[in-house]
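Chain nomenclature is as follows: A, B, C and D, assigned in order of appearance, with residue numbering initiated at 1 for each chain independently.
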Amino acid sequence: MKQIQDFNVLKNRRLNADHYILELQSKHPIEDVCPGQFVQIEIPDSKTTFLRRPLSVHFYDKSKNMLSLYVRIVGEGTKYLGMVNENDTLNLVYPLGNKFTLVNKKKVLLVGGGSGIAPLLLLASELQKSGNEVVILLGARTADGLLEINTFEKYGKVVTTTNDGSAGVKGLVIDHPVMKDQNKFDFVYTCGPDVMMKAVGEWAKNLNIQCEVSLENTMACGIGACLCCIQKTVRGNLCVCTDGPVFNFNDVVW
Amino acid sequence: MVNLNVKIGDLVLQNPVMTASGTYGYGPEFDDFVDNNKLGGIFVKGTTLEHREGNNYPRMAETPSGMLNAVGLQNKGVDYFCKEIYPVIRHYNTHIFVNVSGSKVDDYVKTAERVGDLEDIPGIELNISCPNVKEGGMAFGTSCSAASEVIKAVRKVYKKTLIVKLSPNVTDITQFAQIAENEGAEAISLINTLLGIAIDAKKQKPVLSTITGGLSGPAIKPVALRMVWQCAKTVKIPIIGMGGIMNATDAIEFMLAGATAVQVGTANFIDPAVTMKIIDGLNSYCIEHNIKDINDIVGLIIKKS
Amino acid sequence: MVNLNVKIGDLVLQNPVMTASGTYGYGPEFDDFVDNNKLGGIFVKGTTLEHREGNNYPRMAETPSGMLNAVGLQNKGVDYFCKEIYPVIRHYNTHIFVNVSGSKVDDYVKTAERVGDLEDIPGIELNISCPNVKEGGMAFGTSCSAASEVIKAVRKVYKKTLIVKLSPNVTDITQFAQIAENEGAEAISLINTLLGIAIDAKKQKPVLSTITGGLSGPAIKPVALRMVWQCAKTVKIPIIGMGGIMNATDAIEFMLAGATAVQVGTANFIDPAVTMKIIDGLNSYCIEHNIKDINDIVGLIIKKS
Amino acid sequence: MKQIQDFNVLKNRRLNADHYILELQSKHPIEDVCPGQFVQIEIPDSKTTFLRRPLSVHFYDKSKNMLSLYVRIVGEGTKYLGMVNENDTLNLVYPLGNKFTLVNKKKVLLVGGGSGIAPLLLLASELQKSGNEVVILLGARTADGLLEINTFEKYGKVVTTTNDGSAGVKGLVIDHPVMKDQNKFDFVYTCGPDVMMKAVGEWAKNLNIQCEVSLENTMACGIGACLCCIQKTVRGNLCVCTDGPVFNFNDVVW
């Protein structure tokens, strides 16, 4: 069931100039969260924001009433949120949206770029649990943008690219050798900039690999009430917040 | 015990707190957060004769203390509503109103007729003020003759509670209130959104696909209060006030200005349980101020001056 | 070097950033905080033929991302301005515009004539949009025939730069923009304040002595941008845009929507040095976006679409 | 000269449920402040306020770049301000307004109620410095509302009233015996609720004692630009922020 729930900030961990991870814990039992789902978070004490902000659940630990968010600073809301202190209270509406399809005992590829890696950690962990062979491909502009590699390595093999070659393979994610390896993967999941998702999706389509993308359309309500977040799909306009954020690549009209 | 019952036409609302069209889906979207049976009423999303895809993405822009939307009446049409949605929501123990929109007078009439056949829908809200569609919509709400024509035509075929929703994008809103009253509407509701634009300075382009959109939220509250006050001085039929209501104090302000009931819109996005808090807050306010019947505060600032 | 010069009629402004009438006194009030010589222009407070005491206290109410005012054109009259204030401010190295108001056409004309004699006042802003006075004011700005009459009469006697300030409280602001252009105004400025109300729920009465007041600040920015955009598509004379400008990004948005210059109002109350930051910000924006001449962004969202 | 200046919060001292004192210090030299003058303070991180808030200077120490504010919580702005932490930054526009008339070697009475005692501390200290005999009369509803008595005692003789008699003389300030003592005072200064100031003013007028009141009209700009704060006086509408906040009682049209 969807909830409005207060969480305490356990840790606000700065990763680099514009990324941080918030570890949150509630005093009360928390809801089940599936990989791909997101929260609508209230931005506290901000003069310039009005609406909540949607953020994917990065990781969660039901036994400890904990969940974490992986955030990239792009504007006022994500900036303010990055300034919270330990023990501050944050209000979440969650869990929202559909989820990634979880396969069993398959070879799967997760491709993330920018803040798009946020939902991939929980996904990787669940996929590993159900016996899949997990490869995680993370792309960034420079080495400084490749974050949390160690954490991802717990749940699969991590490979990386950077535009400038300062770490991993030089180029875009699509240029990485794992993408060359025909017929290797049964399922690919991707989240990140549109251009990246499109490239990955086209690649998967050509190889007849199932591909799910997670979209980040701007939202007002997050619960299917306002129809602001719609995405054109082969089935007409769908709500990213309830019919998504995860879509089959082939359903999306880009 | 405080009396929170108010009357719109012959309908008795258990309290004055209702939800605004387009901001509350059809109701079930909020089942996890609120008990819809406790609401004064639910105004479902804008419904048209035919299925509509609405406008292109992006449809939303955040603005200071408010937001712009350009949904453009996306809905599956009145037949779909009657067949698929009505059966699900008719059993809520609250009044459900259908917000009726169209491009031509005839669309409004046909849609109203269809909805009139639904036993558990006690009223409609005639949306002559949608700023987000190319044809009709606000055009009916900004021309006196067009307004009067469409209300008259709908009144002829629709015998239950008829509420006319007015546009704030006019020089003198009281003219439209007067027309609604003259044409026999049971109530008026106001305000719909103010026409606005948001621009992305970095990208050097409008945020919305449609360039203009409708402004809602606390930013518009002073304008909404003014218009409710103006209309309350002009017409005798009840007024349903809205525009930026975020809490019980805001709702009280609308009632003091002359609203018999209120609708809560954008606030539902920020706190999906806000309506329940507002109902509780109205009750506490009445107790604190020793008000036995909430109807006593309706239009108080007009009576006092 | 970025060119920030813009032109209003024959006047060259050293940059597009000016201060809005009624929010900046006569200029010296800000001497401790800013260098007035660096401004594109100063619009002094609303000036009438005779001395006016304005409205009763309270004249101010804070609202979400904005404020209501009901000052009501308090000023000592045009003669006092000419004798006592003009000599003090005429030496600022910026353009000083007098905001001219009145109850009757004849008041406007006489006031404009008096101001026309002042060598160092290159222009006036005809305020046909003040919502806070009982007679005249906004009445001229919400009726096409009245607007046209007063502009024509003033134009006849006033030969320098004539700017007409439009009211946003109308169904179609472009009609008034068109009238101003037809009657020979060099520019239009918009928007004046939106008519609004604030209510004190505890005291159960309006906050302002006048009940209604004028809404300004960021809350109205989306409406202001929309009206600037509408007018820019309608008339060829330059537009001075305002309404909620708090920083350089806001100013850029107005220029992208079609404003050649901007006025900063309410923001001066929150940061008395804000105008200097906006001028710097425009410069930085142009450098970042590789814009050599700020005139290149004027109306860009119209040109692009 | 008026300044826009940042101050650090040295201490946020809670006095009771709805009063606190903020001690502020700037890294840079501060301006001279006269008794009766005020600051316009920015309310940080508040979603619900928009304008600055006017607050009297309660005390100041130029040598330490310090000044303090005495605040009563009445709404959102004063509530938010009460939640600032040590080392937070607050932005002030100051010094604003005119000042109390400072007399020499006279018998003076200061009458304060509620947040109206704020400007009286600095005033008492200056009056004491210039050789006056200072009596400070503070009124409150109950004993709990009589605050900072010890501090005021440094600068004069303090007497008190409470409505319920829980401390000091029972009744209103006007009922206190010092007010009975004819011809005792040469000058009286008062700040507090309108009814109190009016009562004190009328009393002084009857005894031909000079009386200055400090008004608290709502303000937007605080610097004479907006004409929102006007007060009707025998000389027409005057700005409380520049012509005041201190007025001769006889000039005010109540």
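Worth a mention:
Keep this in mind: contacts are C-beta pairs under 8 Å (C-beta built on N, C-alpha and C of every residue); 3 or more make two chains touch, one makes a residue touch a chain.
As the structure is a computational prediction, the values presented were derived from the model and not from experiment.
Between the CA-based centres of chain B and chain D the separation comes to 47 Å, rounded to the whole angstrom. Chain C and chain D have centres, each the mean of its CA atoms, that are 36 Å apart. For this pair, chain A with chain D, the centres built from the Cα atoms lie 54 Å apart.
Counting partner chains per residue, chain C shows two or more touched chains at residues 63-66, 217.
For chain A, no residue reaches two or more other chains under the stated contact definition.
Taken together, the touching pairs link the chains into one ring where each has two partners.
All chain pairs that count as touching, in label order, are A-B, A-D, B-C, C-D.
Interface residues of chain A facing chain B in the complex, by the touch rule stated above, are 1-4, 42, 48-52, 93, 217-232, 236-237. Looking at the complex, you find that chain C touches chain D at residues 22-25, 29-30, 32-33, 45, 53-54, 56-60, 62-67, 69, 71, 74, 217, 266, 268-273. For chain B in complex with chain C, the residues that touch the partner chain are 61, 63-66, 68, 142, 169-171, 194-199, 201, 204-206, 211-212, 215, 217-223, 225-226, 229, 244, 249, 252-253, 256-257, 285, 289, 297, 300-301, 304-305. Across the complex, chain A meets chain D through its residues 45-47.
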